[in-house]
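The structure's right below; bear with me while I get my questions together.
Letters A, B and C name the chains as they come in the text, with residue numbers starting at 1 for each one.
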Amino acid sequence: MFSGFMVNAWIVATIVAVIGGVVGFFVVLRGSAFPAHAIPKGAFAGAAGASLLGINTLIGLGAFSLLAALGIGRLGRRGRSDVVTALALVLMLALGAAFLSRTSQYEPEIYSLLFGEILGVSTTEIVPVAVLGLVCLVAVAVLYRPLMLSSVVPDIAEAKGIRSYRMQMAFLVVVAAATTVTVPVVGALLMFSLMVGPPAAARALTSRPALAMALSVVIAMVTVWGAIAISYQSNWPVGFFVGVFGAASYALGRGAAALRSRVAGQQSSAIAAATS
Amino acid sequence: MTTQTSQSEILTVTGVGVTLAGRPVLDDVSFTIAPGEFTGLIGPNGAGKTTLLRVVLGLQQPTSGAVIVDGRPLSRHNHAAGYVPQKVLLEPDLPLRAKDLVALGIDGQRPGIPLRSRKRAEAVREMLHAVGAESFADARVGELSGGEQQRVLIAHALISRPRLLLLDEPLANLDIRSSQEIVTLLAKIATEQQVAVLLSAHEINPLLPVMDRVIYLANGRAATGTTEEVIRTDVLSRLYGYHVDVLHVHGRILVVAGPPEAAAGVPTDVALQAG
Amino acid sequence: MGAVFEPGFFTSSPVHVAIVIGTVVAVVSAVVGVFTVMRGQSFAGHALTDVATAGGAGAFLIGMSPLLGFVGLSTAGAGVLEMIGVQRARGRDLATGLVLGVAIGLAALFLYLDATATATTGATQQILFGSIFTTQASTIPMVVAFSVVALGAIVIAYRPLLLSTVSSDIAAARGASVRAAGLLFMLALALAVGLSSLAIGTILSTALLIGPPASALRLAKSVGRALAVACLIGVGATWLGILLAYDSYYWGSSHQALPVSFFIVAIVFVTYLLSGLRRSARPRTAAAPGAAPSHAAASPAAPSRATPAHAAAPNQATG
């Protein structure tokens, strides 16, 4: 399981998990689950277009995820954001549908675009993934403080000169960049699972922001590694396990949090009873 | 009222008017605030209190008038002011402790990652102590009670050492006791740290013991001065445009709209002496 | 490009079936969609399409009718969402996201098994992009039956749904069963998603669910009128889409038609943009149609995230 081509899969999976965990921290913080789902799907349409035109898939992915991000950000300024996200998303998908109708043998390609092709990653593909991933991380590092402020207390941030609109756009562009990198690996649909489940679990487990982000990455890594391992043994698709493990990690995180608050509640009521 | 800004004033607002969507929200509002002064911005809902605060924060361009902060005309945003907004939504599972939120107030507007340093931690601890929030410094901000959250937000605003602290309806959702505690805390901060406090409220009584000056806002117009100068039947009636009565009951003030027959739009000039 | 109605359009039997199914589906989507948008549940509506994908793929695997697969799993998914029933908007979004994740995983599994176990291709395409031109006429009764159930659910829950859009507290105080209304709505939503998945595919089903209602709510002042306008837009877009898709076969020399779903989505999107222009031509008022007060139920209820609040109008858009 650890030899030859599988090494690539492990490396790429780790990179993807780090990106997913870090960017996902803010996705959950800002409640942007829908855009985080919509942008990868938009990217999928771009990849379809790229393969139609015979150009590098990454370009199509990048262009369309950026388009989706900017569209959602720009249109979301005036209209209802969830409606806008839905419509921007389906528009891009419609374009993807049009592209795909023009090619003939596309079913396997659709599948790998949707659910990833993690086991088929070649060594040359690792470099752009790593580079773009690094860019994502640097962007998050630079944006960290104002993005935190704008996400948690937007009015105060606005008063300090941090415009909510700009932060939203910057954030969406980072999601787009993360998407471009990770969609070829885990697929358009599953990138979302990595960006939502692990961070949701992490924040239920700890109240410290830095630790929450670190935990988010760790849980994402465990999810992806576990998925690869079991997929390798069972021959079932990696995507299935990523989706299920992502959801499971969230459920576990919520369960742990609920247990913790119940214990805390019992403790405080015991104290109250003892001191009354 | 002085027309030239003296260096000792922390905030000078002259003739500010704001028109939004064709409707005049503020009309010729003028007042000054000295360092360390506790000023209450009182008025009914919809009078324009939030708009006025936003003007002072630099978030709202006035259609007329000028704002001078710390001797300089107001630029894009007000660096001299700390701000506690009216509605802050903090989810219970937000991974942010009280001390983290306060730490963000030090330099949260600058890009990059905060570097952990003893000086920062010390400053945060001091500020939490100053607002009486040490006991819940490690709790999630989303799990704090209304009063506790207010303290944390005040600490967040103060940690960057502003000379002016603006609070938008901080007492609105607090019970009486928390309300009194916050008011006492703010008064202490105003005098001890020489931070001018400007807070808006629609209920004047909780502020009576500590207010130095009051700005009463009604119909977008303002009357400023001490409580005795402003909260009077004649002054308020003129502001409202119809007769209102100012009643004193056991040291508390009640502003009551006059009988319907008197609401003919003609303000009375007869000053009713307080009973 | 030749005539507006290319030869054989009116006599073609697949076109007849397509028109019938398309019209029914458009109406159901429009009606359910108006409430979906008002309740701020566009994400849930979209999430269910991915659940439907899994359902369709699973149905294909066991040789069941795709419509049953779409509707079946979608209803199950809606049930789970309702059970999780988290109160806060953000928590609900997260829960939706996680159900979505599981559904996607299942879709991955089923589609993979479809391709390998049955050795037939084209299933993915049909599921994702719809089969309105290839569906048999015999499916129509089932389509109509599900539509009647969906519309019936909305009719029964109409008043409590409206009330709870404004405030669930008011609705509960009036004795309206908010919970039951919510359940009925989710059922209708699941059915709408299932039906439109058949017509235009799971990937694009959201367009018919959200697009016409979103445009209608921007244009109409009352819910009744919004429902009517949404139906008009939805049906119009569907008919026009079917026509254009049929005609596109004759465009150029490649004789490759563009999918119906593409045209429908494009039309719906353009309509939405146009409805926005119309609204900006009106002076800004404090309560514009479509800015439903149910922002507590809408996506991330962070105050003044996207627009600095103009003091005359309450915050409209969120994160």
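In this section, a contact is a pair of C-beta atoms (placed from the backbone, for glycine too) under 8 Å apart; a residue touches a chain by one contact, two chains touch by 3 or more.
The shown structure was predicted, so the numbers you read here are calculated from the model rather than taken from an experiment.
Asks: Could you tell me which chain's Cα centre is nearest to the average position of every protein Cα atom shown?
Replies: A
Asks: Of all chain pairs, which one counts the most C-beta contacts?
Replies: Greatest count of contact pairs is found between chains A-C.
Asks: Among the chains, which is located farthest from chain B on the basis of C-alpha centroids?
Replies: C
Asks: Between chain A and chain C, what distance separates the C-alpha centroids? Give it in angstrom.
Replies: 24
Asks: Report the inter-centroid distance (CA atoms only) between chain A and chain B in whole Å.
Replies: It comes to 41 Å between the two C-alpha centres.
Asks: How many angstrom lie between the CA centroids of chain B and chain C, rounded to a whole number?
Replies: 47
Asks: Mind pulling the residue numbers of chain B that touch at least two other chains?
Replies: Within chain B, the residues that touch at least two other chains are 59, 87.
Asks: When you check chain C against every other chain, which residues touch at least two of them?
Replies: Only 90, 302-303, 308 qualify.
Asks: Got the chain A residues that touch at least 2 other chains?
Replies: Chain A, residues with two or more chain partners: 155, 158.
Asks: What does chain C use to touch chain A in their complex?
Replies: The touching residues are 37, 40, 42-43, 45-47, 50, 89-90, 93-94, 96-109, 111-112, 115, 121-122, 124-125, 128-129, 201, 203-204, 206-207, 210-211, 214, 256-259, 261-262, 264-266, 268-269, 272, 276, 280, 290-291, 298-300, 302-308, 316-319.
Asks: Would you pull the chain A residues touching chain C in the complex into a rising list?
Replies: Answer in residue numbers: 28, 30-34, 36-37, 41, 76-83, 85-87, 89-91, 93-98, 100-102, 106-108, 110-111, 114-115, 151, 154-155, 158, 163-165, 168, 187, 189-190, 192-193, 196-197, 200, 236-237, 239-244, 246-247, 250-251.
Asks: Would you tell me which residues of chain B are touching chain A in their complex?
Replies: Those in contact with chain A are residues 57-59, 76-78, 81, 83-85, 87-88, 90, 93-97, 100-101, 104, 107-114, 138-141, 153, 156-157.
Asks: Considering the complex alone, what residue numbers of chain A touch chain B?
Replies: Listed in rising order, the residues are 29, 141-146, 148-149, 152-153, 155-162, 202-204, 206-209, 211-212, 257.
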